[in-house]
Structures are given as C-alpha cells and as structure tokens.
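The chains carry the letters A, B, C, D, E and F, assigned in the order they are written, with residues numbered from 1 in each.
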Amino acid sequence: MRADNRKNDELRPIHIETEYIKHPEGSVLISVGETKVICNATVEERVPPFMRGQGKGWITAEYAMLPRATEQRNIRESSKGKVSGRTMEIQRLIGRALRSVIDLEQLGERTIWIDCDVIQADGGTRTASITGAFVALVLALRKIVEQKKIQKLPIKDFLAATSVGIDKNEGVILDLNYIEDSSAEVDMNVVMTGSGQFIELQGTGEEATFSREQLNELLDIAEIGIEQLIAKQKEVLGEI
Amino acid sequence: MRADNRKNDELRPIHIETEYIKHPEGSVLISVGETKVICNATVEERVPPFMRGQGKGWITAEYAMLPRATEQRNIRESSKGKVSGRTMEIQRLIGRALRSVIDLEQLGERTIWIDCDVIQADGGTRTASITGAFVALVLALRKIVEQKKIQKLPIKDFLAATSVGIDKNEGVILDLNYIEDSSAEVDMNVVMTGSGQFIELQGTGEEATFSREQLNELLDIAEIGIEQLIAKQKEVLGEI
Amino acid sequence: MRADNRKNDELRPIHIETEYIKHPEGSVLISVGETKVICNATVEERVPPFMRGQGKGWITAEYAMLPRATEQRNIRESSKGKVSGRTMEIQRLIGRALRSVIDLEQLGERTIWIDCDVIQADGGTRTASITGAFVALVLALRKIVEQKKIQKLPIKDFLAATSVGIDKNEGVILDLNYIEDSSAEVDMNVVMTGSGQFIELQGTGEEATFSREQLNELLDIAEIGIEQLIAKQKEVLGEI
Amino acid sequence: MRADNRKNDELRPIHIETEYIKHPEGSVLISVGETKVICNATVEERVPPFMRGQGKGWITAEYAMLPRATEQRNIRESSKGKVSGRTMEIQRLIGRALRSVIDLEQLGERTIWIDCDVIQADGGTRTASITGAFVALVLALRKIVEQKKIQKLPIKDFLAATSVGIDKNEGVILDLNYIEDSSAEVDMNVVMTGSGQFIELQGTGEEATFSREQLNELLDIAEIGIEQLIAKQKEVLGEI
Amino acid sequence: MRADNRKNDELRPIHIETEYIKHPEGSVLISVGETKVICNATVEERVPPFMRGQGKGWITAEYAMLPRATEQRNIRESSKGKVSGRTMEIQRLIGRALRSVIDLEQLGERTIWIDCDVIQADGGTRTASITGAFVALVLALRKIVEQKKIQKLPIKDFLAATSVGIDKNEGVILDLNYIEDSSAEVDMNVVMTGSGQFIELQGTGEEATFSREQLNELLDIAEIGIEQLIAKQKEVLGEI
Amino acid sequence: MRADNRKNDELRPIHIETEYIKHPEGSVLISVGETKVICNATVEERVPPFMRGQGKGWITAEYAMLPRATEQRNIRESSKGKVSGRTMEIQRLIGRALRSVIDLEQLGERTIWIDCDVIQADGGTRTASITGAFVALVLALRKIVEQKKIQKLPIKDFLAATSVGIDKNEGVILDLNYIEDSSAEVDMNVVMTGSGQFIELQGTGEEATFSREQLNELLDIAEIGIEQLIAKQKEVLGEI
C-alpha cells in the first residue's frame, strides 16, 4: 500500500476554487492533495514583439514558489537575480501545453499571461499548475467573450496534466506526492486533452531506465488520472 | 464619508488565520480589508556571517507581491533580475521593526526569516505585513521554546503597524485603502508597541507638506488603530 | 558634553561651495562637519516614459559614496553589479523631498537629475545631500530661467534636512556625526521647508522605542537645525 | 520523399572525429548531417558542494551555440548576461541522460564536465550533443582508468539520442533537419541505451496533439535510429 | 633555441581554411601553431543606434573561448553572467583594428559582426583572431559586392597582427606560444597594414620595464612576422 | 597654435594635493588642466585568493567617473549593473602599471587598493589617474613603513603617464585635452619610470595609421612630458 493509503491508480483529492483573487480576469486556487497553486490569468491587449502583425494571440506562463512552500526554505529567485533552469523548464512547459488547445488566431492579437504561484508544495506542482491554469485561462477567455472582443471561446479541447512513475516497491503509480517523487526510479509527466490525445510526454529515468512495456503501463494509468481531472474541471467550468 | 462608508478613525475588517501553510514554523494569512498577505516565519539554526560569534540572533524579512496582486499585472522581480527600491525599503522596514521588540541575545545564534507575500493588494500592504509577520514570528518562537532550544519567549512587547494620511476632502484618515492612498496628500506609516511606544514613523508629503498640528492629529488617529490591531493579535495569540 | 564639544542643539560647521565642477548646470560641494558631498544638477530636455505627454517635469536623484569615503573601504556598487537597499532608500528620499517644493507643471517636460556623491562620510550623508542638492537644483533652475525656457523659478519654498537622535547619555541631540549615529537609540531624519512645514519624517528606534514626548523633543530640536541650514542656503543663493 | 531524399526511417550521415581538441580528457567533433557539435569532457578531481562526502561522482553538462551556428546570428548569452530557458533545458537533459548510464559510486568523488558547443546547426543539436558527449565521456573515463584512479570503466551501457516527429505530408519521420523540425506537428526526442531501454522521452505537440498509435509509430522508428547511432559509437570506441 | 625549435624571428605554421561554417557570409578557421580560432563575419543591414543616419557603416567584434580551449577548463562567461575585462579588451581591440582599414562610408549603413571563437588556445589568440577576422571580413564584403549592394570593396589595405616579446634567455622573440607568453618579461601586440603602417601597438612590461632600444628591436621583428602573415592572407584571398 | 595656447610639447598645469580625504592611507587630488581625479590608496591586510600563501602582495585599481564629470551626463555603472569595457581596460592598466614599480615580495601579503574617481574630465583621465595614483600609493606605503609592518619602501622607481597624439593640423602633440583627443588621428598612452624605461605603451590609429617615424616623434615628446610629471611628483613626495 502507498504511504497515504491510496491505490496505485488513485489520484489525491482535487479541489478547484475559482475567483480566488479579485483582480485577475481568471483566478483559481487548485489543491492536489497537499499541493496548492494559485493560478491567475491576465489579459493583455497586445502580443510580444515577435508575434506582432500576424493577427494571432499568444499565451505565456510564469511559475514560482513561495520560499516556504517547501519543507526547507528556498532562496527567492528575485534575490538570486535569476530564474533557475527548473523554473524556466516548467514555465515553458505550461505555456506550450496551454497554447496547444487554444485557437490563437481566434484569440486575436492579445496575450494571456498565466501566473502559477505554488504556495504549498507536495509533489506534482507543475502538473497541478497546468490543470489549474487551464481553468483560469477558460475563465479569462469567457470574460473576453462577454466583453464581445471575440465571438466565441477559442478553445479546442479540455486539458489536464498528471504525473506517473515507477516505485521500486509499488511498481507503476499515479499522481506522486513529494516522498514518492523523491524515490521514484522513473518519473513521467503527461499532458492530455479531453479527447484522450497527448500534448506532452516527459519521461525520465532517474539514474535508471525503463522498457517499452513499462512505458505502456505508465500511459494506461496516466489516462485514468487525466480523465478524472478533466471531469473535475467540467464540474467547475461546465461544458465549453 | 469615505468611499467604503468607514469613519475617519475606523480600521478595515481584520482577519488573522494561523497555520495557513503547513511547512513553516509560523504561518499566517492576514486580511486587512481586501489586502491579503501570507506571512511565513522560518527558523534557521545559524546567523548571517556579519553576526557570527556574538551569541545573538537575527531577524530578516523578505517581501514580494504576486504579479496579479494588483489591478495591473506587475512584472516579477525574478524576471527583471533585480529587486526594486520599493521592495528593499519595505523588507528593511519589516525586519527592523520586528527586531526592535525581540531580545536577540535571548534568541541565541539563530535567524528567523520572515516572508511576506502579498497575494491581493488594496493599500497598506507593508503595514499589514508587519502586523501579520509579528504573529507568525511569535508562533515560530513558541516552536523553539517547545523544542526547549530556548527557555522563554524572547519577546519584549506586542507590535503592529498601520497607515494614516491626509485626504484633501476627508482630512486625517486611518488605514487607507488603495484609492485613498493614491490621492492622499500626506501618507504616514506608524509602527508601535503594545505599550504605546513608537518604533518607526515614516511620514511623507506627496508633493505636499504638513504642519506640526497635522502631525499630531495623524499620530492620535494612528494610536487608535494600533490599539485595535494589537487587540486582534491578542485574540489570536493570547498573552505572551 | 558631546565628543566634539557641541551643545545638544548645535549643528556642525556648514560650508556650501558653488560651481564646484564645471560641466553641471548646478554644482555644489557641501560640508557638514567632516561629511562632504558633491551635489550636481543636470538638466535633461525630456521626461521618463511614465511622465510623457503630461506637460509636467520630473526630478530624480542618485546617491553614491566613493569606496573610501568611510573608515573601512566599501566595495563599489558597480563592481557588485547592483545598488544596495540603503542606496535606493536614500535616492528615493532625496528625489521625493526635492519634488515636494518644486512646481513640476511650471518646470515643463524636462528632468532634473540630481547626483549626490559622498566623497567623505562622517554621519548625516543623506541629510547633507538633501540640503546641498536643493542649492544645486536652484542653480540649475536659474540657468533654465536665464535661457528663457521657463519664465520664473518653479520653486515653492526653501528645503533642508537634518538628523536628530536620542543618545543614551546626552539625551536628544542635533546633527549626529558617525560615532553618535552608531550608538544612538533613536535616529530621525527630518526634511522641512523654509516656512517650517514637514516634508518627510523618518524616525526609527534602533532595537529601541520612543515615546510621544521624546518625539516632540526631537522635532523641537530639528526645527532649530533646519532654520540655520536654510539661513546658510539663503546666504549662498539670496532670496528665490 | 523528404527534401534531402532520405527515407522516413533514415538517419543523416554520421561522423564522429575523436581527439578533436588537444587539451580535454575526451574530445569529439560529431556531425549529424549538417549539424556539427564539439563535445569536450573535462575531469575535475572534486564534486560540487551538494555532493561532497557521499563518495559519489557527478556529471554535469553545458551547451552553447556559436552566434553564427544558425542562419540568423544569435546574440551571445554572455553578452545578454544570462542563459536562456532553452539552453538550460538542454544542458539539464544532457547531464541527466549521461548520469543514467554511469555508476557514480564507481566513478568516485570527481566531476566530469561535458561541454557541447554547436558550431553549425541544422536541427537535432541536443540529440547530436548527447550522442557525441557519450563518446567524449567514455574517452575521458578511459583516461582515469589508465591513470589507475579507478579500476574499471564505470559505464553501465551505451547511450544515444535522436529525434522523431510527425510531418503533415510525410507522416512519421526520423532525425529531423532544421526545415523539417520547424514545420513538424509533433516533435519527440528519445534517449535510449544499447540494450534498448528508454532513458528519456520528450514528446511535444507543437500546437497539435498526437494519439497513442502515433506515439507507438514514433517509438518504433526511434529505435531504428538509436541502434544505428550506437553501432557508429561502437565503431569509434570499440566494446566497453 | 626556443622550445619548439623555432628561430627568434620565426612564426609558427599558419593555416587559413575558408568557408569553414556554412551560414556566415565569411567564415574562416585560422591556425597559428596550436592556436585555432573560428572567425565568422555576419552582415546586418543596419547600424547600431549611435551610428544611425550618418550614412556610414560599422564593424564590431566579439571574442570568446570554448571552456576547454585551455589547459584548465574556464567557466563560461554566460554562466558567470558577465563578460570579463580581458574579453572586453580583446573584442574592442579587434573591432578597432578592423575598422581602421575599412572605408566605413563606402560600406554604407550596415554592420559587419565579427565573431572570433577560440576552440584551442596556445598563446596569441587575440592576434590570430585579428589576422583571421580580416580574411572573414573580406569574404563577407565580397558577398555584398556580388549582391551589388555596394560597388567595390571598401578596403583600404591588408591587416594582420602578431605578438612579440622579450624572454629572459632568448631575448626578443616573435609569435609567442602559451609557455613563452607566460614567462615573457615584455609582451607586445602589434597590428600593421600591408603597407607597413602601425594601427595598434600595445606593449606591456609584466612587472618589468623596457628601453627605447628594446622597443626598436621588438618592432623590427614584428614587421618580419606581419609581412609573412599578410603574404599568407594574399595566398587565400588573392589581391583586393 | 593649440586651442589653449600651449606649445606642442607643453603639458597642462599640474597640481597634486595630498591628504585630500581623511580616511584613506594615501589620498591625492590631482589636476591636469581641467581634469581632476581623486586617487585614494587603501591598505588591506590580506591578498586575493589566487595570491594566498605566496608571501607576495598585490596592487589592484578601480576607476570610475562621477556621472557629470563630463559635458553630457553618463549613466552610473552601478545603475547599469555592469562595468563597461572602457572602465575595465583602464583599471587593468592602472593596476598593471603600478605593480611594475613595486617589489611585491617586499610588500608582503597585503593588498593596496587604488581608487581613481574622476570628478571632472577634460581628456587624459587614465594617465592623470596613474600619475596621481602613484603618489597616493607611496603615501600609503609610507604609512605601512611607519607602522613598522615592513622595513623599507618597496618601490623600485618613480612612475608617471601621459598621452601623446597626432593632430591633423598641429602634428605631434603632448597631453591632449578632450577636444584634441576627440579629433586626434593617433592617440598614444605612455607609462614610464623615473629612469626613462617604458612600462606600457598603447598607441591606436583612430580609423588611421601611423609610421615608424611618427612613432619615434611621439615617443620623444612623451619623454619630455613624463620627466616633468615625475619632477612634480618629487616636489610633493621628496626622494623615495
């Protein structure tokens, strides 16, 4: 049995609270077990220089942790004067994933900024960020539709993310918490759409390797998790 | 009447939620009206290099805002690669204020890190940070006492902060929200102890000046606010 | 008696030398006792981006110390690659103070840069900077009037600054030198106008507190000092 | 047919030149088609601080491009004063991949630095870097064995990487050049061992998605490429 | 005899390979003994802001070393986040030297970027960079002439550089390798034109001094080296 | 005739004021015409890490300009967050020049920091810095001798620097002011000892070239200037 009595293919409890912060166009507090992320979506009526004049929109993400989101306090990246490689990797992933389900031409020449701020971390912060950010993004896009800036939601499909991994004792497991993540031999982040297509797959053997068979088991269990996460998003958002 | 129907010497509603985040030794979410700040206190068993070998402790603070804590999104200081002058001024103020009510020798050679992260801003974020940080600090110090690392709480007095100002129409007002703060002619931050002593006084004429009489009115009203804030802290903390 | 035989309400000797450096529109070397600051004012015929199109001017200040202005050599901020919190606090204070006595609309869309470079430090460098910078500013503004770019001096009042503090033995004292400043229990910087109004008040208990009565004594003595500083400015500048 | 007349499952010509630069312990120039990368391995007789005292070694990688490795000149990251997110992602990937086939305990407390400098880029620079870096790493490790610092090569398996993708017209293709990479709907980097196990899998739908079936086709074709790359490494290195 | 059996006035073997990298407008690999530098020239159809509207072109250079170009691995300047004083000195020298033989008005409002990347270092990297960069520059300028953007080559003369020095045992020597450079008492870099005029002369006593007579000997031997280097350039480039 | 009525081989008026600032071990204000530089020497009782344990001392220099030392205000390097290439070149030159006349073994394991801060610039700031810094250095070294930390002055010779150049109309001229420096075709900085030996020679054709004959004329005139500068240093310092 897993430390928190979950079955191998069981997600941690998921809560999605909307309108968490008052200023952003879309604001969500997502909890995946003890992992808590504030996901805010901001609409800006212009695109970055490299996108100008193409009639298309842009979605970009930033990710950070409060210094004491973790067991040990982390030095702020603003104090260090630079953003770490890990942070950059995560924010590039979040932005790329969200862009893949949005019709950027329909969005028009505007940028949606997604800010994912982890206030408490217990594993899976990047996948929780993607799942929560999608909800914040839809809320912000609905505002633009309400304001009649665009005619319909430029969303092609639902989108959620989870992690799967291989534990020495448990085998293939879904939605790893911090302890499980630290000791897993293989760690894989999976981003999928509501129609069961892959958007992003990042699997890493941590000083270990994995076979094609293990990959298939990991993907089977990931699909189970993603379906439940998207069901949760639908509860909050209704159909889109 | 003030925009939110408050009297000139009336604070906004105050809420202090403890144990907000699970990892820190002391964790508080303070709301002062619509201003919300997470204040986390971390105990580190060593002091910075310039303090080593003196047998004394240290308290240092960091302050930040989520990008969308405000009406307009702010660029992250980690992305800019440097901390702004305003942020430095605020975190130096918070640290200095907290150190003045702590017996640093009694604390022993350890550092308490105070992290104030504004998740929603509506004026008075630095004074709310000080008021909340004091509670988080006491909670963290109680942990050290419980762990028998020190014998008693090294706290000399309660500590809270508020802002007062002069509004062109309303005159002298207490606890300015963002709209009031933006248009005030004089803006003053006051940090006081439970016994009514000043710790810090920062008054600024914003392209305006103020007389000795106006200063006295500002201080009278500040004392009213501080008393109520400290009463609120005592509700949460009990006597210390 | 104070170490340098001054009375508690006595300033150190003040000297203000104008036209110290040949290039700036206004240039002053101010000495307050052993503290020496070069204050240069530069006129730039445009305003920073956030001020454009408002028909108003801007005044901004920068402050620095030569590495060996102090007893111990300080590392240059250019070598460290960043400006310290203390420096930022001081340059924000100088700029804010100067702006409060200038009619920015009358100044028109131009910026006055104030550079305060401490070549020798013995306490009170920020207040000496403000007192000297005001003189350099007036000199630069007179140049603009002479060039008929504006019709009259856009100055609302004289402006000077001094420090006051509470010494364990001496009690309330005026114009602290470095030794006094290092051991003072309370330290307060006061910026006032020629007509006796406050512009900025920054009082700090250094690991100590102060009462309302002590505050009043500090302000009484500060007023004495400011009057003498402004008299000195009038000697140099004549009426404005 | 693909633009360069290759079949869908055909690699570009591979050349691996050893002892390319005289100073490094291992030095390789790898060409994969028009992509050319200098891979240098440096042995340092200590580990980074977070690894000290564990009796284990460390392998870390850095990746860069000459400014004119590409069609358009890129600004140097040293001139920009920071390393881009893309660079960090790539160097973390290279380091992680190499570490997974090395027995770090057998390596002992030393670090192998891998420098991958792309002198000419035509797609697949990160996978060419991994394939070449493995060769440079083995050469450097052989030096340590020759010097009798360790008894045998601490290598668990061969290691190579390639890219696969889905082209709108061609379908699933192996080893994308720059033109193919720019227009591919799905892009996947695969790192595998000599025994056919996965080490890293990074698949991304570029504003597109992919199905489980497509994933399987991509992996089939990747395995073909990896086998040939490892055969090439064996030609150069012999058995290990 | 010198360590590599050269006579005091003998250059190391020189090789200049053109079209080394495919993308740049001019690309050269120059070897001076064991020192190897890739020199790439890029044409950009605009000038930096400070040059705009003058109808003149600009030539600017950047210089870097691969981390393991040297016996000991150097930390990348991109990782350090800043360019060293030595690097800046060298790239300013290369740019200045090249500009002195180019008719910038004839070049028109465009910039030629020169990138000198040392892949293997054995002394004299800056002078090898200048000698190689001149060839890359001519190749790039010929492209512009071929494209009929300008009518003729805007080149006033050939240009090459070498180092001379004073060795405690050997006396005055030409083209110092790394070992010789490290122990030389006087070190001088000389940049000259095809017609034997000086462009730049940088002589330094390394904790030593030199007389007017020694200076003359150094210059005599430098002229011998420059003549041979320019002969080599002419072999590669033909007349210009 | 030159603009300021000087003869071609005439220096501008030189003044050297010692004990200019009270804290440094050696402090000098040097004026060369309208160029004014504060040169401070600081003794630190340790050497930088790369020098430790060799029993030798070190001399290092920093150079800066006040923002308004020049006709146009310059942005502070501390605000830009980095030191320019020009500044680095100059401070490396100053340090190297001073080290060449000091017996570093006799100095013992201590560092002399030389700070050259230009408060007013009118050409020749780097050569004025060297000439003034030598005086400040001797004063600081005398302090160490007085304190009996070393037995005698570890100085091998006097040291001064000047600039020479070629003006289109005037021909070869000595000690160029800003206007002359801006239009000179050739610009050369010469650092020499009291016994007439060269320490450093940096000659540059500014988009021009110079012959061996012109070089000889430049050096003849430089020797005249250096002799007079050293005579001035001897007036201030006496024999050493």
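Convention: contacts are C-beta pairs under 8 Å (C-beta built on N, C-alpha and C of every residue); 3 or more make two chains touch, one makes a residue touch a chain.
Because the structure is predicted, anything quoted here is derived from the model rather than measured.
Least step count on the touch graph, subunit B to subunit F: 2.
The minimum number of touch steps linking subunit A to subunit C comes to 2. Using the average of C-alpha coordinates as each chain's centre, A ends up farthest from subunit F.
Relative orientation of subunit A and subunit D, expressed as the C-alpha superposition rotation angle, is 180° to the nearest 5. Inter-chain centre distance (subunit A to subunit E, centres taken as mean C-alpha positions): 51 Å.
With each centre defined as the average position of its C-alpha atoms, the distance from subunit A to subunit B rounds to 33 Å.
Within subunit A, the positions touching two or more other chains are listed as 81-83.
All chains join into a single ring; listed from subunit D onward through subunit E, they run D, E, F, C, B, A.
Residues of subunit C touching subunit B in their complex: 82-86, 88-89, 91-92, 96, 99-100, 104, 157, 188, 193, 196-212, 215, 219.
Of all the residues in subunit C, the ones that touch subunit F in their complex are 21-24, 27, 34, 38, 40, 42, 44, 62, 64, 66-71, 73, 76-83, 87, 113, 115, 117, 119-120.
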